[in-house]
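Labels run A, B, C and D following the written order; every chain starts at residue 1.
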Amino acid sequence: MFKKKTESNVDTTKDASSEDKDQPWAELGLTQDEYQLIREILNRRPTSSELAMYSVMWSEHCSYKSSKIYLRQFGQKVTDEMNKHLMVGMGENAGVVDIGEGLAVTFKVESHNHPSYIEPFQGAATGVGGIVRDILSMGARPVAVMDQLRFGAPEHPDTARVVHGVVDGISNYGNSLGLPNIGGETVFDARYQGNPLVNALAVGVLKHDDLKLAKATNPGDLVILFGARTGADGIGGVSVLASETFDDDGPSRRPAVQVGDPFAEKVLIEACMELYELDVISGIQDLGGAGISCATSELAANGDRGMEIQLRNVLLRDESLTPEEILMSESQERMMAIVNKRNLKKFEQIMNKWEVEYSILGKVLADEKLVIRWDEQEIVNVPPKTVAIDSPVYERSVEYPTWIDELNANSSESLPRETEPSEIAAQIIQIASSANQADKSWITSQYDRYVLGNTALSMPDDGGMIRVNEESGLGITMATDANGKYCQLDPYQGAKLALAEAYRNVAMTGARPRAVTNCLNFGSPENPEVMWQFKQATTGLADGCVEASIPVTGGNVSFYNQTGDVAIYPTPVVGVLGVIDDVARRIPSGWQDTGHNIYLLGTTKDELDGSAWAEVIHDHLGGKPPEVDFQKEMELADLIHGANIQGMVASAHDISEGGLAQALVESSLRFGNGARIWLGELMERDGIDLTAALFSESQARAIVSVGREDDVKFVGLCEARGVPIVRIGVTDLESSALEIQGIADIDLLELKSAHVRTLPELFS
Amino acid sequence: MKIGVITYPGTLDDRDAQRAIKLAGATPVPLWHASDDLKGIDAVVLPGGFSYGDYLRCGAIAAQAPATKEVIKKAEKGLPILGICNGFQVLVEAHLLPGGLIRNEKQHFVCRDQRLRVENSDTRWTGMFSENEEITIPLKNGEGGYIADDETLKYLEDENLIAFRYLDVNPNGSMNEIAGLSNKQGNIVGLMPHPEHAVEPGFGPDTPIATRSGIDGLRFFQSVIGQVVG
Amino acid sequence: MPKIIVEIMPKQDLLDPQGKAVANALKRAGNSEIDATRIGKRIELHYKEQPTEEDLEKAKELAKDFLSNSVIEDVVDVYIEDQN
Amino acid sequence: MPKIIVEIMPKQDLLDPQGKAVANALKRAGNSEIDATRIGKRIELHYKEQPTEEDLEKAKELAKDFLSNSVIEDVVDVYIEDQN
């Protein structure tokens, strides 16, 4: 079927200089202007290989051409205080944050949305593989993963297909890599039906000295491709180029999906760790989107150098691949290293030990040009920065969506509120068993949370906590959050709310929030209303970071998440990294001791718009999302930290979706221990009714349990720091119920069954 | 005392096994799959993970490794061998323990804090447990369903070679609730759950007393140390 | 028990990590004549009665739509097993 | 590419949870004529040269000793694929 590529039908730079021809730039996703720009840069038409490179590197996915002008805010709206711990900021493969003791942490979240809809298992699996390689390429040992999932309506017939495939894929890949999964999110909403979101986060730890950058700086150094062989994965798009060069056989039908091999990646991780330990490499880059095109041009561009590559040296899985296809292949589990000649022996020894295949592709050039040859023929000769850095930047048109006024006007105020105790009790259970608030262990029990032996907290606690120094106990916490409904109501506020929730989740574990990553999932940037949402959300996140005084260190943008004209809810996933001196001081999210006082911290307002209560009980979305006040979030976080240092906090759980009621349910079920709750004082103090007391989603709130002996001190501390505190109950291990006085006496076994049963009933 | 831990490509819980050995009071010795040098160890652990990606059958490719072949030779001479999860699968593929391990009944990987009954405390790795003691250690596997033909099952039951049985939940559909086995001499023990993940307060399974405070796994390692020394 | 056999293989162009690992193991064990290995599925459908041509047609549909994943796999054969 | 095909099935009298799960799904989808399902492996060994009878004998050994586990699986067939 395939004709072997002969020298005569390779499109060379010489051909390109001498003969013009029609090129399929539009099919490759370039605009007329972009194609014209390439011709100006080169002073001739591009060769088909060059066209392949530019088209993929200038795609939205690789170039951030629509988002760049907004992402800049994250680097600009910063203070010295925010940058204090930042070792590598925006722009590298992943940000790097100093955590003390000579150690640093790198972390990033990335999307694999579209592939996960087409082939959920492989899409999600390779999403995990890709983000882990990003972390690996910073010189870090990956230590944990998380996953942020958004699926269609739980009862929709296609949802189970996606859920099963995605969860299986994450489980299969992450577990096989030996990385504990320490948390994530699972949301169901019809808005994601044809466009599920699969975001994956990885965290790595490195010594300060081991930091690696994706740079080729030293002319003469070798460029080595290692890991899996290059095959025809994920190059469906370049078929148009292939068809040009195949005779009359028609276009080759290359697969658009990629298949992952977690085993190959695990071996790659171990091999890289040895490369780092023995200081063998001078630069490294993972191969993800755009494959060799991306790795060569970025390494060269970042080092202000060039590169000379013999493409024939690429080890192939399939000999029929054309040069264009090789340049664009997205085969997984590959890395590119820059190695000084004197280190080649050591490099080879490590590859041989781990049975990793490698091939030397070429060397670093002093001049800023990227030259790629196919045998003797020169098929690429371009300035690397024009491919990797100076891609077009667009200021897309932005338009205020007028529908939002109507949405905001339709507040939850008019929704009927129950006063009958038994009805309210039923609502608590109905919310606790709704797909979004239900227990997620049907998913999380498919993930290994134990491997590596350093997991101090994981699901269902508020954040995932990992020990990074076994001697000192130094550790980190990660939490990620996003609320698409809040963002639909107000993307500026919604992005801040996502940050606030992740920040609070980290703080509740006893850690101090230190840095932020994000994955911005939106509809089409060519839709001005989507672009408005994007602008608002990025501005909100950047402003929120200044207010909370923690920097964004990196992230990822995923556009075009829509089915037909209907975009997903704007979904900026925000991840916060926290640091804790000693993980022995971690705080669980439920009570384990009897007779402890339960306190509600913060102020409860009547904020039910966009809430779980409005959705589950009334199928309503409208109004304005809750207010955010980072000053209050920081006071709450400081308080928990201060009190925890003194050993006063037995448990802490943040209040978010589902309100106080949901937090009480989760804290009771965490260890299956009962409690007696009263709400009168709270309702009176904050001037709210029962529905608001139980279901409002006001921010900067948490419930904590505190031992009797620490009571006076704890209350004193809150008062001294001005954190509103009200006692709302006591823990009672004798009782097997969550008793809310005068309202409900909910048997814990029944509650648990309702909370746990939902997902298995939907998907088992 | 020196206890070896073999690392195959794709092994994951090797560092954890080494940590457990250290916490139990012995010296962990890392062993490499490609070498038949067992470095004078007194006992060996085949740790958990996905050796060679668990492709073909779990443990099948690792069973062919030079280090495994050496272990097989020493097994007869009484070398204490503990196979954890993937290590158990290697022992089964190497025919050091009977039967087979197949995909979990529910078709999913499962990670949970698992209650077990110690059915045989008369092996090199279970001596510090009392007969019928109930313990909790983490379990995490995708292919942990134990199967064997009737004859083998009868033999295992009659000879008291079932070392551990699942309590409360049979997480993978194992026949006769089998979680782990020993051989007749008692030097070889294989089990699906992971004792090395219940050895350090703060990082084990939850207990009624405190978050992640379960350390029931430590006694596996203490057992072999106690018996060799004593 | 009368049977229809369905044979499914990973698509030619896609990576087959399992086959790759097995091929490497075979090579390490000295089987240099074997160049590559691919691992697919052999599914037996057991019928109550001897399957008819119609059953076979239906099985082919099932093979394509349900038993295999057309994004990453090919059905290479579906046939009624000879009884002997 | 010349090939030898190795076909392996789980032993008849042992549990095959995967086969059971597929059979249940088939039944739920209304295929009442299918009584049971078993899922095994189809392994392709790719040879550099057309395999000889000797290669076939060797492949049969491999099938028995390495590609299958005789405790839980049966090798149902090993054959040189017809080239056409």
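A few notes on this one:
Note that contacts are C-beta pairs under 8 Å (C-beta built on N, C-alpha and C of every residue); 3 or more make two chains touch, one makes a residue touch a chain.
Keep in mind that what you see is a predicted model, and the values were worked out from it rather than measured.
The set of chains touching chain B and also touching chain D is given as C. Of the two chain pairs shown, B-C and A-B, the one joined by more C-beta contacts is A-B. Note on chain placement: the centre of chain B and the centre of chain C lie 34 Å apart, centres being C-alpha means.
The distance from the centre of chain A to the centre of chain D, with each centre set as the mean of the Cα atoms, comes to 41 Å. Mean C-alpha positions place chain A and chain B at a centre distance of 35 Å.
For this pair, chain C with chain D, the centres built from the Cα atoms lie 8 Å apart.
Counting partner chains per residue, chain B shows two or more touched chains at residues 52-53, 55-56, 64, 106. For chain D, the set of residues touching two or more other chains reads 66-67. Touching two or more other chains at once are residues 261-264, 355 of chain A. Contacts between chains form some other arrangement here, matching none of path, ring, star or all-to-all.
Across the assembly, chains come into contact as A-B, A-C, B-C, B-D, C-D. On chain C, the positions that touch chain A within their shared complex are 10-11, 13-17, 20-21, 24, 69, 71-72.
The residues of chain C lying in touch with chain B in their complex are 17-18, 21-22, 25, 28-29, 39. Contact residues of chain D toward chain C in the complex are 1, 7-9, 19, 22, 25-26, 29, 31, 33-49, 51, 55, 58, 62, 66-67, 76. In the complex of the two chains, the chain B residues touching chain D come out as 56-57, 60, 64, 92-93, 95, 98-100, 102-107, 145, 147-149, 173, 175. Chain B contributes residues 9-10, 12-13, 15-16, 19, 48-50, 52-55, 106, 108-112, 138, 140, 142, 194, 196-197, 200, 202-203, 206, 208-212 to its touches with chain A in the complex.
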